[in-house]
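What follows is a structure written as structure tokens; I'll ask about it next.
Every chain is named by a letter (A, B, C, D, E and F) in the order it is written, and numbering of its residues begins at 1.
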């Protein structure tokens, strides 16, 4: 196993095109969640990945399993439980100046009741990398505990841990989030965050470079990686600092999951031993291509990334 | 106001055609619930109706309101609350020998937390008829209380109360249901039940006529109406007894809501002062036509019912 | 040119599946009309056909032309006029006991204003057969005139004329229809009618055989052909009489155009010189297969008809 | 009742996406008309609105009623008549440099035959505002009369009247329009027009400010409001003049109804007593958001407008 | 590994509903093939299964892999090759009397060029059961060889081999098929065939019982299983003979794959050690339920089979 | 006959919107090929056109015929053959920076086996213009021969021949293409090429003007026309040289077929005797409008081209 991730994945229901919920009569049914998105993106890049979670043992939970399995993600460590529900979210796709609108219906999901006892530590022990995110601790007390337990377990086994802060304003306040995440982040090797979230949660500097440097020191991690919207991303290690511009996406089809695709690209680069700027460019390319694909999932092949990083500009090949 | 109904209405999500959730990528989005279905059916028959409930004040709750309003149902008495959820159910349409399959995700809905204080008694006071069902008391303690309160209030105001037992096996046991419903049924004038449910909950006789007679006596109601599947329906009053055969539906498109359509037809007939067999035939016609319409709602016009009751057999008119 | 037909074709808009107009948000866009349906059915059977009409020279009229042309029908004789409208009808597909429902919006169509001067008599002169129907004279005075003129022109040229009575209750009364059609029918060689319409318009006998015999004598035609629903069809010539049972269609997909398909089969049989029972069976087979195809058009190949008439019962070939 | 509007609403049929009528096989079915669009936009902003018109009492007219009712518009004053037709238009959505293409099929609609006797003056008498448009007088003589009658009636009751000139080149010439509208405009308090139309119909100045000033004086109205495309809108009252830039819409989804949304925003602002620039910005925000929503209707909530006017730039909230 | 299957799976493209290719503008994209259908059906019943084949390494081949993987089938033994094509078939769904129509475009597929060297014998060695079919030898000489090689290999390892004759008239003649399959069948333990095919290929008796007895003796297999359409299936072993009636399917949604589902049920029963009539009833239940599911795949759960075999008759559960 | 074209047309299957094959469950079914695209574009501009090819006589080949016929293209010279296949391609529509992706499945198509004997030279002899392309010679030896034969035949009859080089990198190398096409190009009067292809195949100059001049001299043609992407197109004749800028297409819907539309515009201009810059502008306008229409086909009317060339900027007309 190359990479194992742990977190919640949800049923995602969206009106087609730019319709609003106020007028739709059909909904597109997809599935997604930050950590399973990372697992899928890495699997399609050719890595062996697994995902840990807790799901209802009903047609919806089984369908989510099937979706992930279709992309090659190992789901043998997912805990299936009867009589619970799958977290759900509705998303209306806006078009500027109308923002996307998310309606969460995720309270009391099977995942929100996951506890340390549900974690397949034996699978984590066999992985080369563990990826977590800041959404899990927001789901409840037991989830907070298991996130810390998983990070600590991996660190003790000398398995690198990456962590995406992924702040969700609809789930908790910046204060709660900052306070809860701080001890977990102390156990992590690679930390991803939107620069804006880092400012809200940890009072990071408005200068991204300075922010990255200070946060890396504060959490004692090897890589502090900040994404800065159209300005791309910046990474800081004890030895180096690099910033790489984002690729331009003229007409984004679906932005959801772009950050997860970035994480996947950056992690893949680490596992291949690429230098810092190559890792950022890999992440940026994954993020840009993701935005052109409907759904949460980065259905991108290694060849497509290579061609993009090689600067190919073809409109079509035939 | 002619008829007021009170109950839960849900988001209904179904794969198109005969697809299973295991393979669908779009879901048809409709809305339905026993009591709102009755209100819609009556509104389309030309009666003034209103529906009382408790809904989340979000795009899903608002959409449900819009749906009901489009059919002419008054929703001014619905309580809209922030931060809650809309009950949801998924339905796969089978084809014999594969049954329809329902997956409920309705726990903790806004309606399940409705209490007596949320009921617009002033609207009930202005109605000529109140319709309730046995689903509401199954949603929780506060819902049980408000159902009893509403029935009692109407009786005190001499407003006739109809009640459909609508037993839901996924919500409670026959024992719980029978015990809970008994005191409520004592306050009702017209009671509808599937004969089978009456047997399970109240130990009714296997002979439908006998069952109707005994239950009417037991609950002290004016009309005890039992539906008996393909065998139609039977009604018993202190003065009379009538059984009418069901209309044949060769290839039902969507059976959900057929019972509610029956109730609406029977109630409409009562308000028009029709005799017992006409009322049963009105209900049977509504039920049969409903089964030919996709969705929970009986989108049937008075003319269509008249033509059917008059025996028209045309395949198409042009 | 083998067969030329003349009449109105319309935009046909229908909700998908069994939805009602009260709930649909998309409409299927097709095109159809009795005489163009006959032309298409014959073209797909391999005959050279043309259709005469009058259409608006706008995207809808052009689209109708394209549809017919795609099936091989010659439309060079259609009169295209600016600033007029295409007749339109909406059809809801019911399911027994709910009938199909047609909403006509066909008044003031370009076709309804066609006159004798618009008819391409030179094309008729080159055909081996002319087909007309009783819908055209119902569209207005000028249409009545041109129908008579076309039939008379063909008879004078010794071109056989077939005529389907096609009574439309939403357009005129049986009395008006019967009176108007009588002189036209005197000019025709092959007359098709539903037995029921023949009773309503011409007081035909309830016994189909007797009706066919009497009507043939009354109109002086060579073939009087009556369709009798599930009982098939009966044909009477001066020399012979034959009745053939309909093929069973368990679950009709779309009945519209089945009568036109019957006409096409019967006409094709005449042009091939087949005997009377073969002609009826050809018509019955066309009608039955048409009912399995969505839309007005009988998209049936000669091979399919042959296999059906040869008694093939395969569920699928592979 | 806050606002009452009067006018024609039509069945709108459009090929999906950017398809042309020449290739489409399904059509999206929506409904819209300038004045009903204003009523819906205002109703969704929380105002009590009603719409007056004349419709066929068939499934299409009833469906239009249901659509408007779903958004909360009172349709009790609409005159339903048997045997008439609903105006229809087809719209192909282009993409620059290909323009949208509208094919009208609206002649002889039920609304075009509305007369003064069909107007529910009693409802107008109870409203705080009346909104009319220049499309109605273009529909025929009786419609011209009733527009003038309605405006005069409201003025006599001291109910403010707004009027959108809404010039339709496919219905009449600038000369006819200018001449017909002049006496009606004399009865109005708030006049909306595209600057370009004002130039064509009334020879307004090419300088928008000058045009607004002169037209206000000419018609004797309180507010003369001109929209100037990407340049936003300008308003002139006896006391003030204000111009506000349009909000940028990078990729408009559906421009139809944007002007009506502007009117609704401006009217809502008047009823709230907002100053001139706030009213224009409200209108501009409504117009911009409308362009991101498929269909004629401005399905925009008060919160969304507030967030936009407050300068929120979020791509999505979650 | 419980069961391993080997064969061709294809891209399946079908017009929606009952549309014909002559009118469709979209095609439903699914995947299916006799042996992969068996693997999927067994996987969904809870068995560990794998499928062996040869596929193009392009988005279509990868999509097929993803589909199978989603259902839990192990595809690690599939040989992916660049520059080849995926076999494709188009299917029009008829409605009686119109048969389904298949258009094959399967020549020169990657699978048709599979050879013995492409077979993952190591995976077969680990399985408890091998399933093959008579389609593979029809694909070409190398496929004929590998089918024999696989069957012989398994027999030598004492792994039971099942074989479905699956005669395809569009691929070869009964004579070619009979002659080619005879030596392969000698290596098999369980042989499935339609009774009709057994008559055509091997001159089996018209009496099904006699045919089963004689064929079992001729091929020296343990189980000779014949399906007899509506009459169910018959199985003959050295010790016993059993016939079980088919379950009635009033309105089959999609018959493709029903035979494969039967095989899967029978094989599952063998692996559970069930008696002969239970095995036939299991197969019959799988076949009947499959016909209610769109697509080739038997998406049926163990619970659903149990309920059906237990005689449940519910129309829906809620 | 004005223009006759000869070449391959294919079944084109594409996921809806921006979906990838990895996630699609339906495919849009269209048809297209360079030379049939030119024929359709010219037919819709009002010219009489025909197309020559070789097709399987099955529902797919017949459907392609129907599509072309619907647009008015004469297909009487197409050779229909049993037992062969229709070339197919799958196209995923990207969005920058993700390119469109084409998966060809066109080997062994019926067209690839066309030979000189299949060409309807009698139809070519009646045409005013012949159009060919460099795709045909890439399909195989017999296709190379017939392309040369057709060009030579036309030249001998003094029928102008246009030829679009249309280099396809997935079919052959630049070297093969250059060498094969050189002798054919010697027979042509009007040669179209992307400037980039001319550089790759014939070592043309990077300066487009110089390239056009040199290539014209090399091939001895009357018009050498180079397209230069966003920079428009350049044409060189013995007497003149002209370059015209492309029209801006902000958001191309479907670029496939834009080059063919350009060719059609240029050819139409030649047949109308327009000067060089008018011909280029006609071609550029056709190309730009094509990019706004889904599918390969340029469904553009003469009026639309005129309005565009006249500089109309309307967003919609109504």
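We take it that contacts are C-beta pairs under 8 Å (C-beta built on N, C-alpha and C of every residue); 3 or more make two chains touch, one makes a residue touch a chain.
Because the structure is a prediction, the values reported are computed rather than measured.
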item: Farthest-lying chain, centroid of Cα atoms versus that of chain B; value: F
item: Taking each chain's C-alpha mean as its centre, the one farthest from chain C; value: A
item: Copy pair chain B, chain C: interface residue numbering same or different (half cut); value: different
item: Inter-chain centre distance, chain A versus chain F - centres from mean C-alpha coordinates, in Å; value: 45
item: Chain centre separation (chain D, chain E; CA means) in Å; value: 62
item: Intercentroid distance (Cα basis), chain E paired with chain A, Å; value: 41
item: Per-residue multi-chain contacts in chain E, two or more chains; value: 20, 22, 25, 66, 101, 251
item: Residues of chain A that touch chain F when the two form their complex; value: 247-251, 253, 288-289, 292-295, 297, 299, 304, 308, 312, 314-318
item: Chain C partner contacts - residues on chain E that touch it in the complex; value: 17-20, 22-23, 89, 91, 94-102, 104, 168-170, 251, 255-256
item: Chain F-touching residues of chain E, taken from the complex the two chains share; value: 13, 16, 20-22, 24-30, 58-60, 62-63, 66, 85-86, 88, 90, 92, 101, 103, 105, 107-108
item: Contact footprint of chain A on chain E as seen in their complex; value: 66-67, 69-72
